[in-house]
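Structures incoming, each one as structure tokens.
You will see chain A twice below: alongside chain B first, and alongside chain C after that.
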Partner chain A sequence: MSDTSTVNTESTFKEQQKMAISARNINVVYATPTGDIPAVRNVDIDLPRGSITGIIGESGSGKSTLIMAIMNAVTKPGKITSGSVLLNGENDMLQLSSEKQRKIRGKEIGFVFQAAQNSLNPLRRIGQQILDLGRAHEVHDLRALIKYAKELLIRLGLDADRVLASFQHELSGGMRQRVGIMFSLVLNANIVFLDESTTALDMLSQASVLEIIRELQKEKNLTIAFVSHDIGVIADLSERIEIFYAGEIVEEGKTSEVLASPKHPYTKGLIKAIPKISGDIDAAEPLKGSSPDYRTFKQEGCLFYDRCPIRTDSCRDSRPELNITSGYHKVACFRVDAND
Partner chain B sequence: MRSFLIRLVWRIFSGILMVLAVASLTFFLIRLMPGDPVSAQYNQLIMQGMTPVQAENQVKVMYGFIPDEPVGEQFINYIWGLLHFDFGQSISYEGIGVSHIILTAAPWTLILVFTGLIASFLIGVLAGVISAIKRSSPSGTVLTVSGSLLHGVPQFVMGLLLAYLFTALWPILPFGAPYDSSIDPGFNWPFISSLMSHAVLPVVTYALSSYGGWLLTMKSSVITVLGDDFILASEIRGLKSSTIVGYIAHNAILPLFTLFTLSIGFMFGGSVFIENIFDYPGLGNLLLKSIDTRDYPLMSGAFLLITIAVIVANIITDFLYTFVDPRIRR
Partner chain C sequence: MIEIKNLQKFFQIKAKFSNHKTVHAVRNVNLTISSGGALCLIGESGCGKTTIGRMLCGMERPSSGSIIIDGQDISRLKRGARAKLLQKIQLIHQDPYQALNPTHTIEQMMKATLKKVAKQKKKDVDWIRQRMDELLKLVGLDPETILFKYPHMLSGGQRQRVIIARALTVEPEMLIADEVVSMIDVSLRLGILKLLRYLRERHNISILFITHDIASARYLGNDTELYVVYKGMVIERGRTERVIRRPQHPYTQALLSAMPILKGIEKPGKDRFVITSQFKQSEEETRGCLFADRCPFKQSICDEKQPELIHNDDAYHACFFPKVRQVAAESI
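And now, the complex of A and B:
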């Protein structure tokens, strides 16, 4: 571990070549009357090409904000204060002109919304909106675009002709969600962000939608980032996992590794909190304390301090950084090495 | 299509019922006003030296109805006349049919208020969109404040001010009368250009004093739509900003659509102050005059026209709405 620094920079460079998205030092604040509240702090995140990454965290932990920041689409009163997002190792999303950003959005990065049910113009037919999308991205063969949209819709289990001729209000919630997925893929985007995209669906629709996403991912070698608060869904779908807490990544690594041997006390708590399908319901242990609020985001030292079962006084003095424990497994906790 | 026709027939039928109901109401309301044209006229004739019988006969001949006829019978005659499209005869314009008087006055109001309404609507909607999008910048605030401010200035003050500015201080526009009286009315260029130059001031007065309402409504509507998920979604899908503005405008203008068609209905009330200042022989002036002289039939006729226009506008709105908003379609 002596001369890792030089090796690291070189391997970082090589890794970035393979990275579909390589974000560094992302900081996002929300301006409020009482001052700026940091929602995402010093986050580094890599999405290797052709991988599925799950981003998990509780409501308000800033996971959606992070995704929006990667697309440079944070809405007011939010503001990106620093960072860089390399797309395929070259373009920095945060530096490009807004016209170039616009062309990347939709065309190279697809996005399925948390509220995908309301992501369509209520006054235009779905087909017309696909044409709007095609024209915005200078697709010349609009007929082929519609044909491809139909293909996707059929794969998603919908009656394509009917859907294209429909208005949003004529479709059910699950149908709209699938239409949202179709919109993210119809221009052949290589990178797809799914922001709580199956949360509004019942278990069966969710399972079928996830199955389709997995299929399409394999077929087209898509890079997917899947944001959710449902650890089950992430475990099922993703190869890599990022645990998000109060605007920071506290643990990351291969999904199987992280879930099998969680290191961070928050991750451990999350896993313990899942009720098992067999056995005593009381075996599931809720996380102590309350979700992070604006005070948490401002406190010094470790953000998990208030709820941490293994805290020491020194945890209050400084913020732990993400450190490699083994292989790709990284944890941000002062107590991990000691505990291991 | 068949259900559409059934709905249309039903709406027209209920519209006619509504017109009759309002006509009955105004009939009695008007007669509750203090003062009475016939007794005034009758008294005047007596003072001129007629015997009561002579005077009564004279009044009967003049107005073609019996002044002491019971109100109930008057009402039945009135409604019966209405059903035959007979609106009665004016009292102050002796012996001239109400419908004739109204039809002569209507074009002037249409020129004035319709143009003014369209102008104020266009200005208001455009300014509303701009002020909503730029709501956190000074230019947006200035726009909003200008609308509210001008909306607050009474029309007659605005009219007089503009008239003073552009006819006295800087005389580039004509003042008073709808057209130059030295020109023969007809379909020829001098007449039309005179008509247009005379209409500029009143139309501008109307537009300036009423665009504020449209502006504020449009602004709040646009702000609501801006917060909708699908606008953010459109941005993240990389749609062109022109397309997105189109989405916003289409969604935001829906609530204004109803207001606009209703305003077209109310337009037939004329614009009393503007017509008065600029001396337009329109419906507003007519209504004012008929109230002055207690001209019951003319008042009823004018109110009836407003009623019919509003109800018709309402029905048309209802049906057009199904075309502009797919969610209303059944």
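And now, the complex of A and C:
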């Protein structure tokens, strides 16, 4: 027994080397007057180098909190209670000094916020903000930085000179998202988190932003984590998929596998509930119940119990763990084999 | 029945440091919605689809053209009569977070409108109570648990349902649903779409559905007509299913190509193409086709003449070089 366990730790160590980010056992709680609410619970997540991972969850499921926890940027009243986040197999983000963390954010990890307009300074032109960013990260050649920013903006399909001379309110929603992407890449970060980056955009700008993300990812071999509630966008973009529900991962695997044969009732429900462009319109069914709220997080048994069509009594009392069904496909459900 | 004839709208933009500009927001739009029918306007943000909806419910005055509701031209009616007629058309906004008063409970809000209806109909307080429960149940909410709540205590989907219930208090004949699902979680969208379809099929309420998502438009029913709007002009129209399967205009094809593909259960259409150039709002009026600057299939005539909406193969399109391309994703 002891032999196999050492072999296992060695192989996991080797695997972690290939991982741009390898987070283990992350727990985040939000302190409220009525007690702590566990927003992220026992989450293990790996982002293999050079891949796109999609994280799906409804609003309020804790997906943004998870991303913030990975960067050790959870703000009060939230608190990370346990876990480790290895960056390229070494530095633990949760242990580093705050100055080192600050340098890593931006230089190694780029981040695009959900509402790009809120992450830009309304009082300074975009160009000035790039210079601020450069100074904060001790970039010596600021001219080269601006030049690189211009190159990126052109790649993103924007008029670079105009954008650099603009304030954020002079740009449209799609342009701001693109500027956000530029900011995340301008310091040559190779890990990029995109939080609901296409949610506010309409179809055509969404498609072109996705296309640009895909191109840049290939060209620079970026590691991307894309967070969204829109399973359609994630299914289109990502190679791996993590289904997040009320602070826990309930299913993960290769995107095409998970979509073609979903195992968790929540994933099945989500896929059924997307308006599709082909197939029988009566086959689509809305997901029952409402998005998880604070009561869901405090539940004893399976978090999906209230909305589950195939629940049994045992689901109410104990919580299923994430188990491998086949290959990389993992699912947290007692009734994986149930036919319905 | 609602008819729109040659509807036009110009907006004057007063710029401080440059010349005043005129934006041609809606260009010669004609459409008919029969009672209990459904029509869907599709296009990017800024294409004028919302303006059409706003003119239809009287929030905006058309620059020219006429809106005829049950045979009466609303621009010729006196104020009182017009307001009464327009009550039959109710608008549901995109943003369910801003359309409700945050300081009123759902009960106060529903009662406020129902009181007015009750006065008109000479009904008593019991009727209000009964009607309130009836409407909330109709939109799929439980009156017991929802009446005492404030808007911030509800989810986006529930708020949108409350707004629909409020619109139904005046017994409208038509609902204008302006991007009603775009701010709601994807998992809850289908529920709202099914509700609209149910209202149409069971209660004979016609629906004008305004969206940028073609997939949502399909869920309003098989006989829905789809109008694709670009820069205020209808550039393609036909039955929804038919436009999705056999789109003729390059812009429609671009919209269909932009739909995300569900890896593992869908495969891209074989002619799929993605347009990366951005939609420019304020530019010089062109003599040619409005879409020419972004069209990948443009030829020289497209810069010189504007194509008109012509009938072809049981659908309408405005393009000199129409060609059916298979761009929509197909299920595997």
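The definition used in the following text is that the second predicted complex is superposed on the first by the 324 of 340 C-alpha atoms of A that agree within 3 Å, B and C clash if a C-alpha of one lies under 4 Å from a C-alpha of the other, contacts with A are read in each partner's own complex, and residues count from 1 in each chain.
The definition used in the following text is that a contact is a pair of C-beta atoms (placed from the backbone, for glycine too) under 8 Å apart; a residue touches a chain by one contact, two chains touch by 3 or more.
Every value quoted in this text rests on a predicted model; they were computed, and no experiment measured them.
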Joint occupancy of chain A by chain B and chain C, clash or fit: fit
First, second, both or neither for A:Asn25, with chain B first and chain C second: neither
Partner chain(s) touched by A:Ser59 [first = chain B, second = chain C, both, neither]: second
Chain A as apex of chain B and chain C, Cα-centre angle in degrees (nearest 10): 80
Which superposed partner A:Asp230 touches (first chain B, second chain C, both, neither): second
Touching partner for A:Leu259 - first (chain B), second (chain C), both, neither: second
Touched partner set for A:Gly106, first chain B, second chain C, both or neither: first
Touched partner set for A:Ser82, first chain B, second chain C, both or neither: neither
Partner chain in contact with A:Gly279 - chain B first, chain C second, else both or neither: second
Of chain C and chain B, partner touching more chain A residues: C
Minimum C-alpha separation between chain B and chain C after superposing on chain A, in Å: 7
For the chain A and chain B complex, residues of the former touching the latter: 71, 73, 75, 101-107, 111, 113, 115, 118-124, 132-133, 135-137, 167, 169, 183
Chain C-facing residues of chain A, complex: 58-59, 157, 172-175, 202-208, 210-212, 229-233, 235-237, 255-260, 269-271, 273-279, 281, 284-287, 290-291
Chain B residues within the chain A interface of the complex: 228-230, 232-240, 243, 247, 250-251, 325-327
Contacting residues of chain C [partner chain A, same complex]: 44-45, 155-158, 185-191, 193-194, 212-216, 218-219, 222, 244, 254-266, 274-279, 328-332
